[in-house]
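This is the structure I want to talk about, given as structure tokens.
Order of writing sets the chain letters: A, B, C, D, E and F. Residues in each chain are counted from 1.
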Amino acid sequence: MRPSGRQPDQMRPITIETGFAHHAEGSALIRVGGTEVLCTASVENRVPPFLRGKGTGWVTAEYGMLPRATHTRGNREAAKGKQSGRTQEIQRLIGRSLRAVTDLDALGEMSITLDCDVLNADGGTRCASITGAWVALRLALGKLVATNVLPRLPLRGQVAAVSCGLTTEGAVLDLDYVEDSSASADTNFVLTADRRIVEIQGTAESAPFTEDAFDNLFALARKGVTELFEAQMAAVEAVEKKRI
Amino acid sequence: MRPSGRQPDQMRPITIETGFAHHAEGSALIRVGGTEVLCTASVENRVPPFLRGKGTGWVTAEYGMLPRATHTRGNREAAKGKQSGRTQEIQRLIGRSLRAVTDLDALGEMSITLDCDVLNADGGTRCASITGAWVALRLALGKLVATNVLPRLPLRGQVAAVSCGLTTEGAVLDLDYVEDSSASADTNFVLTADRRIVEIQGTAESAPFTEDAFDNLFALARKGVTELFEAQMAAVEAVEKKRI
Amino acid sequence: MRPSGRQPDQMRPITIETGFAHHAEGSALIRVGGTEVLCTASVENRVPPFLRGKGTGWVTAEYGMLPRATHTRGNREAAKGKQSGRTQEIQRLIGRSLRAVTDLDALGEMSITLDCDVLNADGGTRCASITGAWVALRLALGKLVATNVLPRLPLRGQVAAVSCGLTTEGAVLDLDYVEDSSASADTNFVLTADRRIVEIQGTAESAPFTEDAFDNLFALARKGVTELFEAQMAAVEAVEKKRI
Amino acid sequence: MRPSGRQPDQMRPITIETGFAHHAEGSALIRVGGTEVLCTASVENRVPPFLRGKGTGWVTAEYGMLPRATHTRGNREAAKGKQSGRTQEIQRLIGRSLRAVTDLDALGEMSITLDCDVLNADGGTRCASITGAWVALRLALGKLVATNVLPRLPLRGQVAAVSCGLTTEGAVLDLDYVEDSSASADTNFVLTADRRIVEIQGTAESAPFTEDAFDNLFALARKGVTELFEAQMAAVEAVEKKRI
Amino acid sequence: MRPSGRQPDQMRPITIETGFAHHAEGSALIRVGGTEVLCTASVENRVPPFLRGKGTGWVTAEYGMLPRATHTRGNREAAKGKQSGRTQEIQRLIGRSLRAVTDLDALGEMSITLDCDVLNADGGTRCASITGAWVALRLALGKLVATNVLPRLPLRGQVAAVSCGLTTEGAVLDLDYVEDSSASADTNFVLTADRRIVEIQGTAESAPFTEDAFDNLFALARKGVTELFEAQMAAVEAVEKKRI
Amino acid sequence: MRPSGRQPDQMRPITIETGFAHHAEGSALIRVGGTEVLCTASVENRVPPFLRGKGTGWVTAEYGMLPRATHTRGNREAAKGKQSGRTQEIQRLIGRSLRAVTDLDALGEMSITLDCDVLNADGGTRCASITGAWVALRLALGKLVATNVLPRLPLRGQVAAVSCGLTTEGAVLDLDYVEDSSASADTNFVLTADRRIVEIQGTAESAPFTEDAFDNLFALARKGVTELFEAQMAAVEAVEKKRI
């Protein structure tokens, strides 16, 4: 049995709370079990130097973890003076994932920065970040449409992410911290609601794994994101309804 | 009238939510009006090099602000590679304030780090940090007593902080962001429940001010911290009751 | 047709030159078309702090690119004062890939650092780095066995990597720089000679892609690594023969 | 008795030597007992980005200590690669103190940087820096008037600073290093010649103190700055006389 | 006898391979005995800020060493986050040496950066870098003339460098690593083909030396660079011939 | 004529004031014309890691310049977060120069750090630093002998430095800032009182120069250091006399 008592293909409970950040154009506090990430979308009327004057927009992400989001306190990256390789890897992944479903040309010369800050960590923080960041992005874009800054949502679809892994229980969905620490393989799937692939990261932590194992993990992920897509839409619709 | 409609000597609503951080030995999410700071206390069985072997403990603090805690997004200090002078000044203040009421000898060779992370900012974040950090520290110390690590609370009293300032409305208590930006003088008082002074910081933002004005600000502060001390005790007692 | 005139499933010419670095315990200058990476293995009799006294070894990697390995000169990371997120991501990948086929317990308390420095870049530098680093690692370990430091090779198998992508020509194997810049999806497969998976990284650069497309890319990769495994073994055998 | 044999309300000898720095628009080498700080004022015809085009000027400060200004050599901050929190706190204080008496609008789009470098330290370096920096600033502004760059001195008055503290001798004025190290409370008062307050920093080093104690410290400070204001004026007048 | 068996006035074998770097406007892989440095020249159509609009060009250099170019692995400077004092000293020397023979006015508003990266080190890397960098620079300038970007070579002559030292064998030419480590004096001479001096650096490593000793070292250097000038010209002529 | 009206072989006035730094084991404020450098020697009872347990000592140097030591204010290196290449080059030179005349074995496991901080700059700061640092070192060592920490002075002799250059007036001694900025060649000679060479640095700033020119510069330097040696001895003797 899994440490949490879950079935192999069972996600942890998901909640998405919008508006937690008072000032951001869009925000989502996503909870996937004990993992909590505050995702905010900040809109700015300028683009990075390499895009200036090209009439296209930009979506980027930054990721952080509060020092005591974890079991033992980690050093504050601001105090250490640099972001770890892990942090940079994760924030690059979040940014790519959201750009893949955004119509940057339709956005025009604006930037949207997604800040994903982990308040509590229990495994799967990068996946929760992507899933929550999509909601924050969607809400910020919705506000731009509602205020007539944009004629329509510059979004090509919905994106969410989930981790799967090989543990002593076999292939399981949505690893928590205990499972993540001991899994022999760890995979992250970033998928779209129209069943396409945005990003796949599969890593043999200790021993290389077979293609069959990989196929099983993929099937679990497809099941898992379905629940995430529903939670995303419910959160967005609740906000949009209030706006009317 | 004050922008918020408050009386000159009126605090904003105060709430202190404990247990928001799942893993910390003590935590308090303090809200003073629109300012929200998550304070966590992390206990470690070691002290900094300059104290090793002296049989005494250490209490220190770190301060941070989520990039979009403010009206416009600020740069992430971890990405910039250094903490601003303002950040360092604030975290040094928080640390000193809490050490002033801690019996470091009675703590023994342990360190407690208070992390104060601003989730939403609307003025007075350093004062809210000190007030919330005392609760987190008190809870962590209470747990050390409850688990027989310490024989008694190594605390000399209760400390809280509030800002006062000179605005066009005269001397006012508990500045919010709008008032803080336009005040001609800004003062922070860190006071104890037995009516002593831990730290006073008074700054003429644009024009030097008189001693009488300073006395008025001090009187307001004394009134303000009374409410904070009550909120602190209520939060601590609610946790301690549950423990029994 | 592909810009290079190659067939969709055709690798670029591969050569692996050993001994280019005079001092390293193992070295391989790998050339895959116009991409050239100097891989060196450095053996040290100590392990990082987190492994001390555990009787197990460590394999890690660092990656760099000479400033003018590319069409236009890039800034030197040593002069900028930090490694880019891309660099860190790549060197973490190389390290994980080699650890996955190394028996760290059998290595004992020694570290092997694989330095992969790109002398000339034409796409696929991270894959060439992994493939070449395995040769450098294998030669260094062979030397440890030949000098009786180790009783047997602490290696579980052979690992190599290749990139595949979706271009206007469809799914193609071993992207060069021109293809890499314009591919709509880019995937890196790190695979073992016994047909297992060490790492998969698939990224939709501009548009999410289908599972079928992913399967095609995977099949190409499997074909491509077969050639790399042969080149690796030929290089290793030539050195081992000389040793006798 | 105080370690130095001084009365509780007795300042150390004060001298202010102008012109020590050959190139600065204004300079003052201030000596307060064994504390020596070289203060220079540098005028530049530009303002920081946040003030450009607003027709107003800027006054800022930087603080440093020579490595062997102290009893035991401290590390050079340039070699360590960052300024300590203490250094940043002090230079922010100096800058605020001088801006509070400067008419930045009357200064126009110019910047004046006050560099305060401690050549010898024996307590009270931040206070000596403020006091000496005012002289350097005053001389630089005087030169701008004398050369018809400005029509009149853009200064609202005179500012000086002194530290007071609670020691085993009670409340004492102008702490030297020995007293500073053992005081139970340490306060810095930045005051104007027209009896106003620019900045107050009071800190309980080990034990919170009473309001009465604070009032005593304030009264000592008021007495102390009177001597500093005289020394400042004497130094300025000696220079101005020579100019005529 | 010298450790390598060479005569006191004997250089190590010299080879210069051009075109090793595929993308650079000029490149030379210089080998002096076991020391190998890849030198590339990168041409850019802009100059540093301090030269903008002055109609003159710039030549600068950067120097690096692969981590395992040496007997024991050195830390990667990009990972450490800064270039050592030694690295900076060397790259400043290379830049000055090449600027001394370049007609910067005739170059016009272009920059040429010489990257000198040591692939294998056995003493004399800074001298080999200067000698090889001249070839890379010469080839890049030749290409600018061949493509009619420049009317003529903006070069005033040929520059090369060699080290000499005082060892237990007396004054010797072209120190290798073993000699360099134990020499009592180490000198680097950067000289021109028309017998002028560009740079002299003489250092007593352990004991001050006499003027006579210095004169002997200088004479050896003059002999040594003669061979280097020939190798440089041969490499350049081979390329220029091919161009026709 | 030279800008200062000096003869080609004429030094600027030299004064050396000892004891300027109150706490250092030895200190010298050296003035060579308008160049003023405060040199302090700090003795510590430990050596750098690479020397531990070898029974030998260490002498090292650090160099800095106050931001407004120059005509226009330079950025503070501590604020920039790194020492420039020029600073590192100079402090390495000072350290080597003093080690060359120190008997490190006789010093035993102690370190002496020479801090050379330029208070006012008018050319020749590195040479003044070396000359002044020798006095500070000599005084610190004298104190170690006087207090019976060492049986005798671990010094092999006296070292001083001077710059010479080729200007429109020909070869001249002891360049000031105006000459230094326009010289076509700039040389620094670090010489001993027994007529030996510690370090020679000759640089063609704009045009390579002849061996004859170099010989002339060398002859001037030999003349110049004679005066410096006298000033050094006078300063040392004045202190030693007082000690008796």
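The rule is short, and it goes like this: contacts are C-beta pairs under 8 Å (C-beta built on N, C-alpha and C of every residue); 3 or more make two chains touch, one makes a residue touch a chain.
As the structure is a prediction and not an experimental result, all values here were calculated from the model.
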Chain-touch separation of subunit A and subunit E, in steps, is 2
Give me the chains shared as neighbours by subunit A and subunit F. none
Of the pairs A-C, A-B or C-E, which one shares over half of its contact pairs with E-F? A-C
Between subunit D and subunit F, what is the gap in Å from one C-alpha centre to the other? 32
Centroid spacing, where centroids are CA-atom means, of subunit A and subunit D in whole angstrom: 51
For subunit B and subunit E, what's the span in angstrom between their mean Cα positions? 59
Among the residues of subunit E, pick out those that touch two or more other chains and give their numbers. 81-82
Chain-level touch network, classified as line, ring, star, complete or other: ring
Around the ring, subunit B then subunit D onward, we get B, D, F, E, C, A
Interfacial residue positions of subunit E with respect to subunit C in the complex: 20-24, 27, 34, 38, 40, 42, 44, 62, 64, 66-73, 76-83, 87, 113, 115, 117, 119-120, 122
Along subunit B, where are the residues that touch subunit D in the complex? 82, 85-86, 88-89, 91-92, 96, 100-101, 156-157, 159, 187, 192, 194-211, 213-214, 218
